[in-house]
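After this come two complexes, each holding subunit A, first together with subunit B and then together with subunit C.
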Partner chain A sequence: IAAGSVCAIVCDMQWCFSQVKGAIDDDVAEADIISTVEFNHTGELLATGDKGGRVVIFQQEIENKNYPQLRSEYNVYSTFQSHEPEFDYLKSLEIEEKINKIRWLPQKNAAQFLLSTNDKTIKLWKISERDRRADGYNLKEEDGRYKDPNSITSLRVPVLIPMDLMVEASPRRVFANAHTYHINSVSVNSDHETYLSADDLRINLWNLEITDRSFNIVDIKPANMEELTEVITASEFHPNQCNTFVFSSSKGTIRLCDMRASALCDKHSKLFEEPENPSNRSFFSEIISSISDVKFSHNGQYMMTRDYLSVKIWDLKMENRPVETYQVHEYLRSKLCSLYENDCIFDKFECCWNGNDSVVMTGSYNNFFRMFDREHRRDVTLEASRENSKPLQVLKPRKVCTGGKRKKDEISVDSLDFNKKILHTAWHPLDNIIAVATTNNLYIFQDKLTG
Partner chain B sequence: MSAITAMDVNVEAKRILAVSISKLYASRTQRGGLRLHRSLLLSLVMRSARDIYHSSRESEAPIAAAPEEPMDTSSRAEEQTQLPEPESEPQPVANGAEAASEVSDSREEESDGETTEDKENVSPTRQSRKRRGKASAAPDFLPSKRARLEPGEERYAAPLGSCRTMAGESLTTLSLNRVIPAF
Partner chain C sequence: MECAVDAQSLISISLMKIHNSRTQRGGIKLHKNLLVSYVLRNARQVYIKEKYAEIYRMQQYEEVMTVCNEIQELNPLDPEPEDAEEEDLEVAALSCCAPLQDGGGKEPETSFYRSCCMETPGSPCDPFAGNGSHCNKTTVLDLDTHVVTTVENRYLHQDCCCSAPQCAPVPDSPVRKRKGDFGCCASDLEEVSDFSASRKRVRREECTDPNYTDTSNISNLISIFGSGFSGLLSRQADLEQICSKQALASLGAWTRAIVAF
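Then we have the complex of A and B:
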């Protein structure tokens, strides 16, 4: 797929349903709630993590015989329990097994590696295929019983014979005991040797090979906790500058740091902050300005931040304001008090770029998700629902009615289901295939024309 | 915005304070322990609400003085006594959150007298666990511990209205900074 042609037609993109994974019934088991979604670097693998500490990896199978145009069929490749609930006896605290983030390592050999993390511990998992087994042992029977040595009269070399594909996941490294607060991010460095993990107040740098040591590179904990005014909410390494990373804060600022400047990157190299619009001031101004996600563009020139109501694109060369701002669901601004009461205002939405950085996507409520075409200045709202899940069914754009007469097919703000939220979305790195997680289902959509 | 009177803002501020306190209490029993980010955001909202409540009360004072006076003076007296003794006066929200997090976190923090003292007050955490059912059934402005310690004040006050007033007053005396306890 030539990257250039993909986005000539964004909202003329015809997104259609491809697959949905997960239980159908409305009664959602808490453990099945999806908490993270991530494509690997080729897009062949799609990993999800859930509240129960499990990781499910789907693999793209090219060429579906029934629907040859549906190239993007993903099937379960591996499922494993990454994290278990733990108890911190010292603090009388239960440590949730919920997977907060999964990040894939670039592939170096036949096996695949990913980092998965809960609130306190990061694990490096190796996922490898086994499709052969040894046959023809000299000392053992077929069923594994040892032969009587006296009965052996000849020697043969065991051979490898094909077997049904088995995908094994094994924990290769466990990076533990480095975070006092809750881990919100992990990010693999472009050097493929190190990665960072961030909690509310600190960011640590690890070597993938070394588990008993990490370097603290950011520490914003005040000497007196009563003076705490902000926490770290997300962090990411630059996609190609291995010395550069950013972290976002609950105050709506982003700091870019250069690890060459000093060992402890408390002094930022750049501070990205937009002055607040005083007319928007309310009780909840601080909450809604808290950044829930930050993502570099693939080309490394921009970064995107998500706060409660909007998505902002920042040019790394300009610190005083974003270059683009997209309203995700501005109609919620007048409902902030209710959203505070029902806790929705604390929801942490993620955001993602498409492969060539021309379109960005993020989730909303009522199982809506939004795409913003940067080039053509257009946006669309789509819905992930079982009703629209016939194979290759084209998704119809949705519209929220913000007042006045409600047109047919529009939905009024008060009818939105705030329990149906899309917090996690992912875009295939190369193709127009997206993975959208509702509470406990994973939807895969593809662009009919170019997916 | 112009249609909203000072009174409305006052009522709104009180309501938000009440909601915030119950959220703070609920977060103590959450799996995974107190979340620093969430606690910080709650305390910021509470601070805004408190500030607005205070400033709107000041602007309202001449009008509202008459009916509210008796309660005001009693709670102001309470405020006076509270201010000089923030430590000994059990400040339920701060202590509650503190208690939970003292137990739950920062054992590696400098353990000083204050920590020990709070640890003694932590046993309420266990008590409050038992009372969890009651608390969730009838969310109060005032945590049950607080009510217990000042039964006298609650008894002579007229039912709901005065509770609210006192809640507003006593809440504002809490150092909201201490809502983010020694994590």
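Then we have the complex of A and C:
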């Protein structure tokens, strides 16, 4: 690595473009809007869900002859329709087919399994490869027609012959009719046998094998709905304590629950909450303090929450305040009124950890995304755009001008495109490869320096 | 508040969002509607506070006007300046009103309430359309705070538009109580017991109001008040005694409103 190289090296990483998936034209079909992105546990597979109810799975290529240093080439592995639009006749409501979350199960055998969910129904999908087929049947022709029995003169044993790889996705379980409100999260337990699903007011515990019943473990629905003050916004199992999970609320609190304490975990074991700064009080204080995502660190010692303007890192041993707070786009604080009018203030940004929990990442507007290096206390803003999409082109850090004279290469707050939002990002569990979803495109970037 | 936000327009924007959510694909989003209801509550609290401040100012104005009349009565030897004073006041009032009837050119910083002058006769917000005299607008100077505001002469806005009990909000109650919680002429938002069921009625706010302050007319008034009260201050104690009865009588309309709050 040459010292004084032109491209800024931030966080000891130099991010460069790898691939972009999706349609090029600006006219975005609503069904193509990406609604979730998730790497599997090895990082070999990358799944996306969209508003049209489809799941697309990409697989990492082992090696690219033209670009040997490009270890992050992902190609389509499987595509299937996970959910269809439904109609609830009792409530006269349409149920959207949009995939809210995908979560991979740890691999147990040759096949891969994932959970995908829309607002009401969770499905367990098996994705398996078939690269051989049987040939030489006695009674059937190649095309499947039955032979004339009189023409059969000898007997043979069918053999398996290679065929072109075929990837099949089949729904193995359908977990339905357990949620009155809209499902926002699913999380697989570290015991690999159970998982939780959370909607606005309730969290249910399922066994992956059993579809006709689930246990309700959290219920915050008040007796009188007029007294409703908060909803559940996200929930996740602890990465290695199978009895522990957290759920975040619209009031900016996180509750940690221990399933050993009682059957119904309404009473939390820990309550994480930071007192509000009274000088920041506005009409929109409640909205911007609502937590949109919560993620445990891989080591299980910390958790990260995302609210509208910031990312917070919490030490599980300290409830009264986060240990780190990172401002994602503080310059939006003075624009909250217009962001309320155009509904952007309700955007639910997700966040993610890198493999060793040293860097966290989240999205913003104008197709910007932000990384915060916890160790070195540095942060960077990068952009996912077609302009910077030559193979292995290094991303230049971006800067938003918040006032005064705008420097060259800076972008002013008023020029930001609020229709271009990055809500979903994912980090490869073992490598510095990231997947960043713009409205309908999936960008894959890799770090040039490591590996 | 972080920016100059109009509490009333926030209320109407929020109500529109709730209304639109009923027809959204996928059903009513509980989370989003809950957040919108918080904005509604916050905007309503500001709206009510400002309204209360208005009442207080009106009350001050009432006392001031009463004292003005007292001055006139007490100085019959000097009719000219007082007449001129009255005339100036009227002129100021009229000139304040006129642009409003055009629709109020300026975008207000904050709006307190709808102006009855704005309503066309027969509009739903103004059942007393025939009695235009109820709703004269005047720009006044608050002697305590030196704030110049536009108020309605004599009558609280609410009295014009609806009966007080319906307009009685309970400041500390959560926003999700029954109708009548909002200020006068706010949309009727009835809460149902389950958010996931559709709401009954949402009448969109039809009245909009600028809080009109015209600095050019104000300077006239300041000089008027300045000259009018130079003698007043020395005789304040006497006048207070004399005025008290009148002042109390004029407060009748206010006490009802204040109790309602």
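Heads up, the rule we're going with is that the second predicted complex is superposed on the first by the 439 of 451 C-alpha atoms of A that agree within 3 Å, B and C clash if a C-alpha of one lies under 4 Å from a C-alpha of the other, contacts with A are read in each partner's own complex, and residues count from 1 in each chain.
Here is the rule we use: contacts are C-beta pairs under 8 Å (C-beta built on N, C-alpha and C of every residue); 3 or more make two chains touch, one makes a residue touch a chain.
All values derive from a computational prediction rather than experimental measurement.
Placing subunit B and subunit C on a common subunit A by superposition gives a clash between them.
By the touch criterion stated above, A:Y146 is placed in contact with neither subunit B nor subunit C. Within the superposed three-chain model, A:Y89 lies out of touch with both subunit B and subunit C [touch as defined at top]. When the shared chain is aligned, subunit C comes close enough to touch A:L336, but subunit B does not. Two complexes overlaid on chain A leave one subunit C stretch from 78-86, 96-104, 204-212 or 240-248 clashing with subunit B, and it is 204-212. The contact surfaces that subunit B and subunit C form on subunit A in the two complexes overlap at residues 91, 93-96, 98, 119, 180-182, 200-201, 225-231, 233, 250, 283-287, 290, 337, 340-341, 343, 346. On the subunit A side of its complex with subunit C, the touching residues are 88, 91, 93-96, 98, 119, 180-182, 200-201, 224-231, 233, 250, 280, 282-287, 290, 333-334, 336-337, 340-341, 343, 346.
Looking at the complex, you find that subunit B touches subunit A at residues 12-13, 16, 19, 23, 31-33, 35-38, 40-41, 44-45, 48-49, 52, 103-108, 175, 177-178, 180-183.
The touching residues of subunit A, counted against subunit B in their complex, run 90-96, 98, 119, 180-182, 200-201, 225-231, 233, 250, 283-287, 290, 337, 340-341, 343, 346. Residues 1-3, 5, 7, 10, 13, 17, 25-27, 29-32, 34-35, 38-39, 42-43, 46, 174, 176-177, 191-196 of subunit C touch subunit A in their complex.
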